[in-house]
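Order of writing sets the chain letters: A, B, C and D. Residues in each chain are counted from 1.
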Amino acid sequence: MVDLSVELGPLKLKNPVLTASGTFGYGLEFEPFFDLGSLGGIVSKGLSPRPRHGNPPQRIAETPAGMLNTIGLQNVGVDAFLSEKLPKLEHYDMAVLANVFGETEAEYVEVCKKLDGAPGLAGIELNVSCPNVECGGIAFGNDPRALASVTAACRKATGLPLLVKLSPNVTDIRETARAAEDAGADALSLVNTFVGMAIDVEARRPVLNRVSGGLSGPAIRPLAVHMTWQTYNAVKIPLMGMGGITCARDALEFILAGASAVQVGTSNFVTPTSAADLVNELRDYLEQHGFESVRELVGSLQVES
Amino acid sequence: MLDLTTSVIRNLDLGHGNYLIEFGVPDSIQQMKPAQFFMIGTPGSEPLLRRPYSVCGLNGTFPDNQRGTAQVLYKVYGKGTRLLSGLGKGAELQVLGPLGNGFDLPDTGRRALLVAGGIGSAPFPLFIRHLAEAGHPAPRMIYGARSQGDLPLLSWFRDSCEEVLLTTDDGSAGEAGRVTQPLERLLEQGEGERLHLYVCGPDPMLKAVARLASRFDVPCDLALEAPMACGFGVCLGCVVPVHGDDGEVRFERVCVDGPVMPAQRMAW
Amino acid sequence: MVDLSVELGPLKLKNPVLTASGTFGYGLEFEPFFDLGSLGGIVSKGLSPRPRHGNPPQRIAETPAGMLNTIGLQNVGVDAFLSEKLPKLEHYDMAVLANVFGETEAEYVEVCKKLDGAPGLAGIELNVSCPNVECGGIAFGNDPRALASVTAACRKATGLPLLVKLSPNVTDIRETARAAEDAGADALSLVNTFVGMAIDVEARRPVLNRVSGGLSGPAIRPLAVHMTWQTYNAVKIPLMGMGGITCARDALEFILAGASAVQVGTSNFVTPTSAADLVNELRDYLEQHGFESVRELVGSLQVES
Amino acid sequence: MLDLTTSVIRNLDLGHGNYLIEFGVPDSIQQMKPAQFFMIGTPGSEPLLRRPYSVCGLNGTFPDNQRGTAQVLYKVYGKGTRLLSGLGKGAELQVLGPLGNGFDLPDTGRRALLVAGGIGSAPFPLFIRHLAEAGHPAPRMIYGARSQGDLPLLSWFRDSCEEVLLTTDDGSAGEAGRVTQPLERLLEQGEGERLHLYVCGPDPMLKAVARLASRFDVPCDLALEAPMACGFGVCLGCVVPVHGDDGEVRFERVCVDGPVMPAQRMAW
């Protein structure tokens, strides 16, 4: 029997397959499709201090091998998450991570404090791809200093394993990765969506109400794998990789490049069972290739020098 | 809700880019309500997302269909429908369903009036069967489209409805103009008191019909369309603004809170 | 008859469709497929002071709706371009642009000086996505100061229309765009390829010999369109848009977002006639929609405020 | 060089993932040389790039093929070949060709010895016909593969060659082992003086055969494979290192400078 368990610092997972924030609801929506307990974990939709309605439609657009979204961080708010969603997930043997965002550093801290010590919560993932309203609207995650500051503040606010989810819209992701590491992150998630845009050439208008949106799906995989490899070679803390993963082969690209675990995002929409299928495919790969543990593969890419 | 791998039984070319595709489904799917829908994917990785299609028929909806099947009526617009139209017997389909809420029967004292715009007629065959099974009289239908060729299944509807009023933008069939013309006449004649409108078609048509329904205070259910990534409520991509019970406008998901919504809830 | 002609500062084009550097050889390779004179112009493979062998194979990898390449700037060198390639293109009624790169600022200047005044040459496009060997290897195009410096130096070296081709691998493309504008560029081309990576999970090695490569093709189109729109709203000089263009609809996304002309890249490999086809499709679109000139469409995207 | 839109005439399943696909081509294509190739694309936008396939047969190569057609022998590996295998009669193909240089006939005094690894036998049917038309005797062939099922067109080759020596990795057909075993024996018997080797198959096989050819000083042409984006010389993606005439190693393009290259030029 192969060993699929992995550790990302203080976060222990029974297998390295999670579902990405915003693509798996609060988990419960997938109960008709498979046993959630077969996953390593799930990451909640991004949580803010208060519920949010999100952006007006049109919110999504398909692009070649990808999709754009401007959901606008619609969510039930951290209180409803704690009272209504989290308790229903407790009996599943898997890790529940809460994805957190805010428009100010204080909002991040507020949500982290509320989540701290919540029964059944395995950790917190900070979504730093949000515009920082106090700081001219540039995303927290695109500015190493703002990123370090919000990470350090959340680090103080919670004893839970703390992951920082990096934005890919930067010149050198190693800088923001190091900033988050130095500020106390236990692990890094990467990557969030790339900023993109689609135009309806008949109407001569943007397809999305908010003009631009976040690109996800297979199209971005080569970019995300590269950033994972760069980051793996730049920091010491463990990584959670994502971006266009649809099957074990895709996931293995991230694992070989240095990710200790992976998240499945957009693929959940297309094939609701993809994350669960991936766990089985990964097991098969390890067995067929004679590996005892998936940990042997993490960062094991062979590069001639 | 099932995610099933099934195969095409036949894919009838109805002309003018309209097709009726039939595929095998298990018994549980036979319980589907009209205006519920499937997310259908074709083999291969393009397009990335599955596409939503209403259930058009099930066992017995159409006289010649096979047991254990479902039918979907579709029109070729882009990548997804073009691929679908190329599939022959035996081709694999990925079908997720049943999805959404579906049409309810009209209250006693009211008769269904179906209002369809082009391919928007897709959910009505199953609905017509449901009405008959529940002992309702055959409904009337107002069926509009751009042109004569854009009225798929017209002769079936003629056989199955009490009456089908036609409109076409170009006057090539029925009255020249929009579905709202005959509808407005009916309502002005005071028929509204005995009617429940069921509407499916392009957005501008839904809006125009909804305005009439509100003016004449007729119950009116709209089968909405929206771009969808998942179809089962998790992506939050398919929302429309609606009036909440509290009077505030909020976003609801067409895929699980719809696709059928009462016209008066819409906050367009 | 619709008017397809456009002007990018001093560069006048009979229509807005060019072929992108590195994807069209030196033009002659496409003579079997269509009349090169039907294009607005072509951009040569990147030229260096001396011929270059390029990188060892494997040099390309397919990815979802895209491809990675590490050709490594293999080229005949500027001298052979001037003596062997350019003269054969002279009788075509279209603009020939020379794409130029170097490892040092001096190399850029050297090539620009040689090209200056060459008969039949319509302009120069600087490829600034090359590692700057004097400056720690970070690409010229990812550092606004290095970019401004090399642009200003080339500006002095040539009187030809000077385009700077921006790298998309930056946090904010408006900064590099403004740097190039201020340093004297007549127009901007955008975008070059995104850095990506693919892994062979059977061999557990990178697919590409050089580990990472540049991602091109339809996958990047939403990202490139967004950058075009951002840049259009940030600079005054005209833009040449590219990234995943395969047909007129794709090209129109760039034009509506603010590009005065477009370049077709990877699509030339898949459908050798795509650039020529695009000219016809664009003409059809204008006729069907009642536009007299393609210039009416440039930047005409309607965005609610 | 033509970029033609044509359609599938038939797509024969030869078992074990091997197929022979036939499509219509104009007369000019009938001039193709063996080991020249096509870049073939299937409708739809996935996969992005076309795939290279050797011409396997033309008018008259196979007894039952139709006039004005070409045949390609292929094995299902990934996306592109899987899509190809799903195409039926009438399906559209995008075919660019002829591409590359192709095999030349052996010099007088030498006989062709064909060495094929699995699907690497694809260019040999047309070559065998060319040899016959030029009055050369039927060639000998060494045909190796992993297993019995991976020897497509074997009975055709048996009918058309003087002799076919088989090897399989698992011993399920012919000698257990590699093609280099019977080849080495032949060369050790001094046959090399009268032979010209034509080789097509996976890279490790090409390298092993090239080493033997060099050791015994036999002329040896390799039909190379490389990942290709364009197939007509512009992307520079398909290069291999070769010894130039000046002795220096440089990169040449498999698609236009090859796919056939003399073994001794390779700088692997």
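Methods note: a residue touches a chain if its C-beta (ideal position, glycine included) is under 8 Å from a C-beta of that chain, and two chains touch if they have at least 3 such contacts.
Source: prediction; values computed, not measured.
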- Message: Taking touch as defined above, what minimum step count separates chain A and chain C?
- Response: 1
- Query: Based on the averaged CA atom positions, which chain is farthest from chain C?
  - Reply: B
- Separation of mean Cα positions, chain B and chain A [Å, integer]: 37
- Item | Centroid distance [mean C-alpha coordinates] between chain D and chain B, Å | 53
- Centre to centre, by mean C-alpha position, how many angstrom separate chain A and chain D? 46
- chain C, residues touching no fewer than two other chains: 64-66, 217-218
- Note on the structure: Residue numbers in chain B touching two or more further chains are 45-46
- Item | Footprint of chain C on chain A - complex, ascending | 63-66, 68, 142, 169-172, 194-199, 201, 203-206, 211-212, 215, 217-223, 225-226, 229, 244, 249, 252-253, 256-257, 285, 297, 300-303
- Contact footprint of chain C on chain D as seen in their complex: 1, 3, 41, 45-50, 94, 96, 226-230, 232-241, 250-251
- List of chain C residues in touch with chain D within their complex: 22-25, 29-30, 32-33, 53-54, 56-62, 64-67, 69, 71, 74, 217-218, 246, 266, 268-273
- Query: Can you list the residues on chain B that touch chain D in the complex?
  - Reply: 43-46, 79, 83, 86, 88
